[in-house]
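Same chain, two partners: chain A is paired with chain B first, then with chain C.
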Partner chain A sequence: MMEKTQFNEQNKKKNFNLLPAVFVGPHLLIFLVFTLIPFIYGIYISFTDWDLFTDPVFVGLENFKTILFNQDSSFYKQFWNGLQNTFFFVLITVPFCIMVPLVLATMLATRPKLHRLFQAIFYVPSLFAISAVMIIWQFLLSVSYGPINSLFGLELNLLSNQPWAWISLVIVTVWWTIGGNLVIYQAAIGGVSGDMLEAAELDGANAFQKLTKVVIPSIRFQILYTTIMTTIAQFNVYGQPLMLTGGGPNRSTQVLIMNIQQNAFGSGMARAGIASAMAVMLGVCIMVVSIFQFVLMKKQD
Partner chain B sequence: MMKKLTLATAIAMSLSLVLPTAYQEVSAQENVITVWSGVTGPDGDLIRQNIEEYNATNPAYPVELLAMEGATLNSRLVTATRSKEGVPDLALVASETVSQYVGQNLLESWDAYIEGTEVNATNYLAEAWDVGTVDGSQYGLPATMGTWVMYYNQDLVNQYVPGATDDGIITYEEITTAGEAAKNDGIIAYGFGWPMQNFNNLYLQMGGSFSDDEGFLTIDNDIAVATLEHFKSMYEAGHTNKNGEDTVAQFMNGQTIFLPEGTWMLSQMEEITDFEWGQTFTPQWDADNVVQASGASQFAMFVDENRPDERRQAAVEFVDWLRTNQMTWLESGENTASLAMLENEDYLSMPQSFLIQTPEAREAIRIITDEGSSHIFGEIDGAAWDMLEGNVDIKEKLAEIQQIVNDTMGY
Partner chain C sequence: MQRKNKLTISRTLMYVVLLMAVLAWLYPILWGLFTSFKSEAEIRQLGYSFLPINWTLSNYREILFENPSTPIISWFFNSVTVSLSHVLLVLVVTSFAAYGYARLDFWGKDVLFSCLLASMMFPSIVNLIPLYDIMTELGWVNSKLALIVPGAGSVGNVFLVRQFALNIPKSFDESARIDGANDFQIFYRIILPILKPVLIVTALFSFTGSWNDFLWPSIIMNGVDKLTITPGLQLLQGQYRSFPGLGIAGAVIAIIPTFLLYLFAQKYFMESLSLEAGLKG
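Coming up: the complex of A and B.
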């Protein structure tokens, strides 16, 4: 009798434990409505010709054939130019987005004077909205009244000439994103075993050797993780080239997401099908790169 | 007990995310005419004030304005028309979009509701009224006209090209004269600000058209090349600003003689106190054939099967009232499209009114309504400086733009 009562009570507890579902539910609902469903719908739209207002017309693989193979089409040129610029942006930005915060975290780990103040200064830019960041840097880099030109006695248009346009984009991006990786590296470096560092010191290792032989190998997982996440983030670059360079000069900084946005939501007739096809291809590229990096991370582990 | 309380609180918080929005959506549309506009900032505030003046007359259907950024307006129109929920009674749309929306079967005709009212072709500027006419039916009712004009620094004109402003028409030849005289003093003759507007005006003045004989958009032609070559020659001669420079700031600081800009910049120009300034037609290629590109925003009625006829009629009543009571809105620098306002002395004293005061001025107005022309505008804006600075060949670039337009329009 006692056992039956206990069994029934345990059953009751299992049946009425809705609390976790209620807390997770809103997020899942939002994820479903604003991410998963649009994601699936976007893939469907990539197989259609759609101007947003009227009903989509199914066209099969035509959009993909156009952007991948039809060299006479402007959408082909847009896609490959945008993809090339996106890859280039990732290649030149990600190393700096990793190395700069890593160097800063290493320096802060030595706890110099005012290290907490510097920590805050380095972190604050990552709190700003992208539009605020771009407005600030537009003024700083302005050919009319930017202090950078005045300070160095230059007459350069840093946003409309190469290679300055790319250099400006990299500097702005790194400045804006330092904070995120910085705190991860700081935490990781703080977790490095003091015994290992002491042992290295006893063996005659200098500061640089301790950094390269002890600290960095100890935090390699965090470095790989941040490399993957930074790579994915930079593949989605949009605000910086849109607001700083406008995709110029001569579309040399026009990234793929700008083309996607322009084709889907720009002025005039929308070509949402083409835009979705470009977005699907960009997603495939990001997935391939991410899988490669995850495999690498797993091997390292 | 504590667990049940926590559970109840969590459910209440979750529901609170959804229910208030749903409730607001239901109650928003009753007994008001909703107007969606892509005009925000101080100009948007003036439109709102004008609408409040209308509401102060206690109409049967007060008007409620929802102002938003242009891109947001387009997105919301898409979702409203596709879901058939929350479709506005009136949407303030740009000139060149009326024919596009009609082609997509998104607009209702005003014909049945303006018949017998003062909202008709005889009471509006012909160019502005014709923007809303598609295949013989009226799909747009003119609101205001935004025009590309030219502001000039009279002090610098007197110094470098005296007498140029006497006849109220400034030619590119006079600008060149001013440029040659002023460039060694570091003064800019021509502020090249918004490329598309400058291009459109000169292109039309040179005899260009945005559609060919078959009705397809055209930009890859000799006149477009000549237009851009002219701007390039001005840039190379040192008569214009450099890429990236703030042309409005340069003008307001007394560094520029002639600045083509929009009538909507009026309130900013009125802050100038250091020199005498004026406003006139956009620079002309031929003084004997004045052409003035303009836009005429339209009140359009998007399709809504559930909209009762009373609301459509009430919307016409609002537009009719606006026809003779637009002063507050016009303080933004916009021009009226209503001929009734030409009898308003306060309006006639506004600087921008010169654009429609005389029959000659009204005849000079050209409104670009070619379907899809906004694609050309966007591409010109993006590529103009590359062409002026010689980074790309003009003919090749125009051919590329033509290809983009053809592909986007599905030709």
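Coming up: the complex of A and C.
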């Protein structure tokens, strides 16, 4: 009798505990195995020498010393060149990825004719595969086949001459990615300030004043959110320079993830430890910049 | 009167600027589409006519059926299988987890969920190399599972669906419980139907995310015929550097599914983004 009660209680308790595990467990398992463990493992690997096949050998801070300070090492040059190019790309791309959709959203907020169609046209490229977008733009900008050269009467290979290579990468990225931010801003503007815009207009505010005095303050939160998300996304830039400029001319558009990919999975011997150290450094930069942006923008409130 | 004039002028000016932007966004798509219907000879000889003079399907025929080194049909169907399986797994795993975090009480729930949210700060680039090693251990290199499963651990999806599950009144569950329903029945019969819109949004974004995934499949799938179409196009680009018609036809084929999805589910795409930004406010 006692035994049976105990068994029942245990059974009950077990059921009680098992239920959440059934619901939450599958997701948690996938998260652990494919997100948390790789993250921790990735940090560990950055302290090792590893060829992807044999066991990683712990080398302490050696990889970081090499990429950060050893001026004779090619990894040092790769890291700093890649990081510098990545930062440069983020610095010039992010403002456009915020301002362009903001201006477009403000204009669409007045609900001009066909505004739904226009919204769709701005949004749709962001659903396209990066490689498809890059193939189209590569030929669009090409000196032999593209209409851009003939349109402006140029005889110039835009993708292998600076500053055109950078300008091309920025234009392509803005064209490809503004859709998400645009829709977020439109929803935010639609929710707040249709009347206020009209009132400002009647008070004689010009377009720029409307944007800075009415629109931006009323959607501060969405701007903060999109700025941080866009910055993180652009730090992970890879496909555009890979497929448009190949990192050229003279490695001037070679971004850090291209170096990480080549060192770990390229044709030569895998240097996964070095590549991981580069990845960790990039990760640190992303986190520091995001936190910095967050604090800065919160402060302005 | 003057004021009204000024208003009309500024409106017109705005419309002109807007139209120019629309044309700038539309041009690459239309140019690409039309170029894919021009013969290579026409592209070379006639320079830059916008519309094809003789419409032809030769690029599509050649890229689809006559190039075994870039098996675009296999890539396409690999992508279909991967993306659909991924969506299915995401929906099951996410809705279960969302129910657990929103409607069940268990020890450590809030701490656990806060930890999950905090993990969204992790920069994903750090995971790339070790993930490859984990796939090697699991024997998933070159397997579709490597593309289907990892993304299902996304915390963002669970967060989104959980927010909706939290808003469903508790009285719904309780009355069902009095009628003798267990948690699985409550989940399936009551909660899931209410969550349908947000699950559709999750499905759409999981599909496009999976379809457009570029770096990861290019690393983990190293047989040409195993590739999905998005990384596959990189090979195609290398092969057809001097054949715009063929390269662009390949790009158009890769774009079609996500474009169609947008046409049919436009409403959900638009709602979802405002939802995303609104929720976190």
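As a convention for this text, the second predicted complex is superposed on the first by the 249 of 301 C-alpha atoms of A that agree within 3 Å, B and C clash if a C-alpha of one lies under 4 Å from a C-alpha of the other, contacts with A are read in each partner's own complex, and residues count from 1 in each chain.
The definition used in the following text is that a contact is a pair of C-beta atoms (placed from the backbone, for glycine too) under 8 Å apart; a residue touches a chain by one contact, two chains touch by 3 or more.
What you are looking at is a predicted structure, and each value in this text was computed from that prediction instead of being measured.
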TODO: Specify the outcome, clash or fit, for chain B and chain C once both structures are aligned onto chain A.
DONE: clash
Open item on the list: With both complexes superposed on chain A, which partner does A:18 reach: first (chain B), second (chain C), both or neither?
Closed with: first
TODO: Kindly classify A:159 by the partners it touches after superposition: chain B alone (first), chain C alone (second), both, or neither?
DONE: first
TODO: Return first, second, both or neither, reflecting whether A:143 touches chain B, chain C, both chains, or no partner chain.
DONE: first
- [ ] Kindly classify A:236 by the partners it touches after superposition: chain B alone (first), chain C alone (second), both, or neither?
- [x] second
- [ ] Could you look at A:125 and tell me whether it touches chain B, chain C, both or neither (first, second, both, neither)?
- [x] second
Open item on the list: Touch test for A:250: chain B only (first), chain C only (second), both, or neither?
Closed with: first
Task: Which of chain B and chain C A:170 touches, first, second, both or neither - done: neither
TODO: Report for A:266: first if it touches chain B alone, second if chain C alone, otherwise both or neither.
DONE: first
- [ ] Using the touch criterion from the header, give the chain among chain B and chain C with more contacted residues in chain A.
- [x] C
Open item on the list: Tell me the contact category for A:26 with respect to chain B and chain C: first, second, both or neither.
Closed with: both
Task: Location of chain C clashes with chain B - one stretch out of 62-70, 116-124, 152-160 or 260-268 - done: 62-70
- [ ] Could you give the residue numbers on chain A that contact chain B in one complex and chain C in the other?
- [x] 19, 22-23, 26, 52, 142, 144-145, 265
Open item on the list: Per the contact definition, I'd like the list of chain A residues that touch chain B in the complex.
Closed with: 18-19, 22-23, 25-26, 49, 51-54, 72-75, 77-78, 142-145, 157, 159-160, 246-251, 262-263, 265-269, 271
Open item on the list: Considering only the defined contacts, which chain C positions touch chain A in the complex?
Closed with: 3, 6-7, 10-11, 14-15, 17-18, 21-22, 24-26, 28-29, 31-32, 35, 43-44, 47-48, 50, 92-94, 96-97, 99-101, 104, 106, 109, 112, 116, 119, 121-134, 149-150, 152-153, 155, 158, 183, 187, 208, 211-212, 214-215, 219, 229-234, 236-237, 242, 244, 247-248, 250-252, 254-255, 258-259, 261-262, 266, 269-270, 273-274, 276-278, 280-281
Open item on the list: Quick check: in the complex, which residue numbers of chain B touch chain A?
Closed with: 3, 6-7, 10-11, 14, 17, 71, 74-75, 77-78, 81-82, 100-101, 104-106, 242-246, 249-250, 372-375, 377-378, 382-383, 385-386, 389, 391-392, 400, 403-404, 406-410
Task: chain A to chain C touching residues, read off their complex - done: 17, 19-20, 22-24, 26-28, 30-39, 41-43, 45, 52, 104, 107-108, 110, 112, 118-125, 127-140, 142, 144-145, 147, 150-151, 175, 180, 183-184, 186-188, 201-202, 204, 206-207, 221-222, 225-226, 232, 235-236, 238-239, 242-243, 257, 260-261, 264-265, 272, 275-276, 279-280, 282-284, 286-287, 290
